[in-house]
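Following this line, the structures themselves.
Each of the next two complexes has chain A plus one other chain: chain B in the first, chain C in the second.
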Partner chain A sequence: MSAYLIIIRNAVAESASYRLNQIVSFLTISLPLVFAVFLWKTVFNQVDEITNFDLPSTLTYYLLVVLLQDILYSGVKWEIVDDIHSGGLTKWLTKPISYLWMQVSVRIGTNIPYFLVAFILGSVFVFLNLNRLVWTTEPIRWLMFLAAIIMAFFLAFFLSFGFSLVAFWTQDTSGIEFAISIFLPLLSGQILPITFFPKEFQAILVYLPWRYTLDFPIQVYLGTLSSVQIGTGFTVEFLWLVALYFIAKTLWKNGLNIYQAVGG
Partner chain B sequence: MNYFSLWLIFLRNSWKRVLVYRVNFLILIIGNLFWFIFSILFFQILFAQIPAIGGWTLNEVIFLLCVNQIVIGFYDTFIKANLERLPSRIREGSLDFDLVKPVDPIFWLTFQRVQISSMFSLALPAFILVRLLLTHSIVIPNSTAIFLFFLMLFGAVVLRFVVGVLIASLAMRFISVQSLFSLQSEFFQYSGYPTSIYSKGAKLFFTFGIPVIMLANFPAQALLGNKFEPIELSLYPVYIIFGLILAVKVFSHSLRKYSSLGG
Partner chain C sequence: MTISVQNLTKIYKRRLLTQGQYSILKNFLKPTYEKVQALCNISLTIGQGEMVGLIGPNGAGKSTLIKILSGILVPTSGDVRVLEHIPWAHNKTCQSQISLIIGQKTQLWWDLPALDSYELLKAVYHIAANDFDKRLARLSEMLNVTDLLNVPIRELSLGERIKTELIGGLLHNPKIIFLDEPTIGLDLSAQYQIRSFLREYNSLTNASIILTSHYVRDIESVCDRIVVLHKGQFYYDGTQDALSEKFIPYKKLMIHHQPGEYSWRLDPSVVNTSPDQASAYLPVDQVDDFIALVVSQSPIYEVVVEDETLEDLIRRIYNRLSK
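Moving on to the complex of A and B:
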């Protein structure tokens, strides 16, 4: 079996042992959904739609945000920071595997049990709001959604990996972590769909990578974007994916040059 | 030495800590304010599409958000850091040293640290709130409304204290309760949503089951002169007083049952 598959399997086993924590953590991040139902029902009682969004598409948007936001997290990964600061990275450097792809495997493995927990708990919400959600039956839209999600997974990972590698140059990454934790919900569309923002903001946000980690894949599923917007979106997402991969590789190479394996 | 003098010493020590970690202090203030600003932006974007949410105008919702932020600010300043440190003190065994001090343990454990950055974060919501009043964007009907507002604002902070202390009591038994602290903070972030968005059953649940509505909506409604349901007004003082007594009893009981863990 490939080394990466073994890493995924181990990560699944380790992650599954924290089920209770995952349940509470999922309940915490799904709270906005409960309040979103009440708020948006009141809003859409007064207006039929806001920038192509009606009540079902808005509720589905927030449901997908809750289901995907942890899997598509693009902030600093403290395990990588800890590996660099504690010297734990050394043990990976002596192994015949790539640290980057090892981390990808860990992320996949860690997210499988979490997604199952999220899926089961999310089903309760789906069951209670069956008639208020968008169900796409077009295969092409499912395919585009799947493609956008896979790209978003790697995009989020490269962002996360790149930010974490800053630990090579600084002992304190809390500033970056903090800045990301503040702006990420806004830039990724976690708080509001990007198309709800004023036009001037949208013009900037659609060219930043964070939008493609949540807002874009979800809007592809919902069908709230025009075909031109979808085409442009996939192009921008792909360009960011390639750029961030090379940035992450460069940071890794330069970081290793100054890495001193301090710690024990 | 009385308890107030002791608290002043806590305040002085907390200030000294601020001077050591100045950058962190600034970061925390900015962080607290950004969330508040984002909430206002969120509603401004919504109100660009609709004139009111369940009868609440934009100014009234901003007022409500300010009240909520003030309640959060008071809780974060005086109570939060102390209660959330409790699980790690149990794990490390340092709680034992706290319990041998000749001071009431509840006072010692819940007021030892003052989070001064959160105190500074109170300035912006307080400023916006006063501005709304001065520009007559919000009109106060009479002096009783002001009295009720401050009373219910105090009640809201007491309520946060009650919930925090009850969770901290669980730490004596289960140790790992950090996720419960996060869950309650997340819940009370939504106290800034207008009460009129809830259905009748949900309103009752979020008032007396999980008191999300009680925290900011009650004081805000008092100052705006909005009418309360008779059940809300009659149960409110009972709820707060009973909650406070329950929290103190449960916490004291948990302390008596506490057995040292760390080394």
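Moving on to the complex of A and C:
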């Protein structure tokens, strides 16, 4: 078995050893979903549609946000910051293995138990709101959704990896973490679908990477985007993916030159 | 040569926080740094199978040297070759033949049994299944941890954990093993087991061992060659025997005498432990004269003369270095 598959397996086993943590964290982040149902039902009692969203597409949007937001998280990862600040990188630097791909594998592995819990609880939500959700049967839309999710995973990872590597240059990343925690939900579409924002704001957001980590894949699934918007979206996402990969590699290389391996 | 170091220098940048009025603002707007020279123009070579002990007071540069040799730190200047590769270039061939074991850091997955981490190492180093099984069986038997391989690391005692770390670091049969304080915090029995293991492992595999430790017994038992570092420079590089020859050997005297006030008890080299007992620590060429003086002044029950231990000698060197 490849080393990276074993890392995924070990990360699953490690993550699953904290089962209660998985369930509690999922319940905590799914609470806004319950509020979203009440809020948007009230809103759509007054209006039929906002931009091209109706009640089923809005509720489906928030369900997918809850299911995907953890695996597509693009903020600072404290595990990487801690590896840099407390010398934990050391154990990986002496081995013939890539730290970047090791971290990708860890992220996949740690998210699998979470995703399973999310899937089970999400299914309950789907069952209770069956007639109020969007279910697509178009294979092409499923394929595009899958492609957008895979690209979003790597895009979010490279963003997250890049921000975390700032720890090479600063002892305290809490300022960056705070800024990200404020802006990320807004820029990624976690709070509202991007198309709910004013046109001028949307025009900027489509060229920033964060929108592609949540809003774009979900809207691809919902079919709320035109073919031109989908084509442009995939192109911009791909360009960001390539750019962020090289930025992450450059930060890593330069960071290692000043790494001090403090505390062992 | 397994390891070759030429004119190696490492300078760190360390942030200074100023005190006083508006210090927070000053530190934020205009951070100040100082340069710390961890290693200063050092050169050495280490051959295959050598067991080298790096010693020196805190801040001497031991860990920095090990971290540069194992590819973790990039030096400021100088040429370093480990198995003919530049270590910080992270060449996979080189990485597959070295191992770094740090006593106070775990390299294994904390919440999982050691076996899960070993499976990963087997894949990382492309160890054949047959070799893996044989090495794991032999190492776990040598270290007496066969029954602990299925226990999560977090549930092991410190001594057990270090042993499982050692196995993890040796499964790929490295040609060079870097050990940074491998016995730190261990009880005497566990320290002894680790030392015996390292000697046995070296004789079986001819691996080079580069060891740093503040426990002189580790160095004394494991290493044939000692390198004393002080403020980033080599103060001594040679065998254990030559070390005590270079620094005039001392003897330890234990004197049991009839109680009384004698002038020799006021000598600076004498420690009076009780009214009828004293010990003295003297250069070997002064021992006979001192005993003659003691015997001439006081009735003696017993005088025991012992050779200086390596620990005493190293303490003496550190004292000299700190002056």
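As a working rule, the second predicted complex is superposed on the first by the 263 of 264 C-alpha atoms of A that agree within 3 Å, B and C clash if a C-alpha of one lies under 4 Å from a C-alpha of the other, contacts with A are read in each partner's own complex, and residues count from 1 in each chain.
The criterion applied here is as follows: contacts are C-beta pairs under 8 Å (C-beta built on N, C-alpha and C of every residue); 3 or more make two chains touch, one makes a residue touch a chain.
Given the structure is predicted, the values throughout are model-derived calculations rather than measurements.
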Fit or clash for chain B plus chain C once both are placed on chain A?
-> fit
Taking the superposition as given, does A:21 touch the first partner, chain B, the second, chain C, both, or neither?
-> first
Tell me which partner A:3 touches in the superposition: chain B (first), chain C (second), both or neither.
-> second
Given the superposition on chain A, what is the angle at the CA centre of chain A with arms to the CA centres of chain B and chain C, as a multiple of 10 degrees?
-> 90
Which partner does A:128 reach: the first (chain B), the second (chain C), both, or neither?
-> neither
Touching A:38, do we find chain B (first), chain C (second), both, or neither?
-> first
Scan A:140 for contacts with chain B and chain C and give back first, second, both or neither.
-> neither
Can A:228 be said to touch chain B (first), chain C (second), both, or neither?
-> neither
Overlay on shared chain A, then closest C-alpha pair between chain B and chain C (Å) | 8
In the complex of these two chains, what residues of chain A are touching chain B?
-> 21, 24-25, 27-29, 31-32, 35, 38-39, 41-43, 46-47, 50, 174-175, 178, 181-182, 185-186, 191-192, 196-198
Name, in rising order, each residue of chain A that touches chain C in their complex.
-> 1-3, 6-7, 10, 13-14, 17, 87-91, 93-97, 171, 256-257, 259-261, 263-264
In their shared complex, chain A is touched by residues of chain B numbered 23-24, 27, 30-31, 34-35, 38, 42, 45-46, 48-54, 179-180, 182-183, 186-187, 190, 193, 196-199, 202
Within the complex, which stretch of chain C touches chain A?
-> 12, 15, 63, 67, 70-74, 88, 90, 92, 95-96, 98-100, 102, 104-105, 107, 109-112, 116-117, 119-120, 123-125, 152, 180
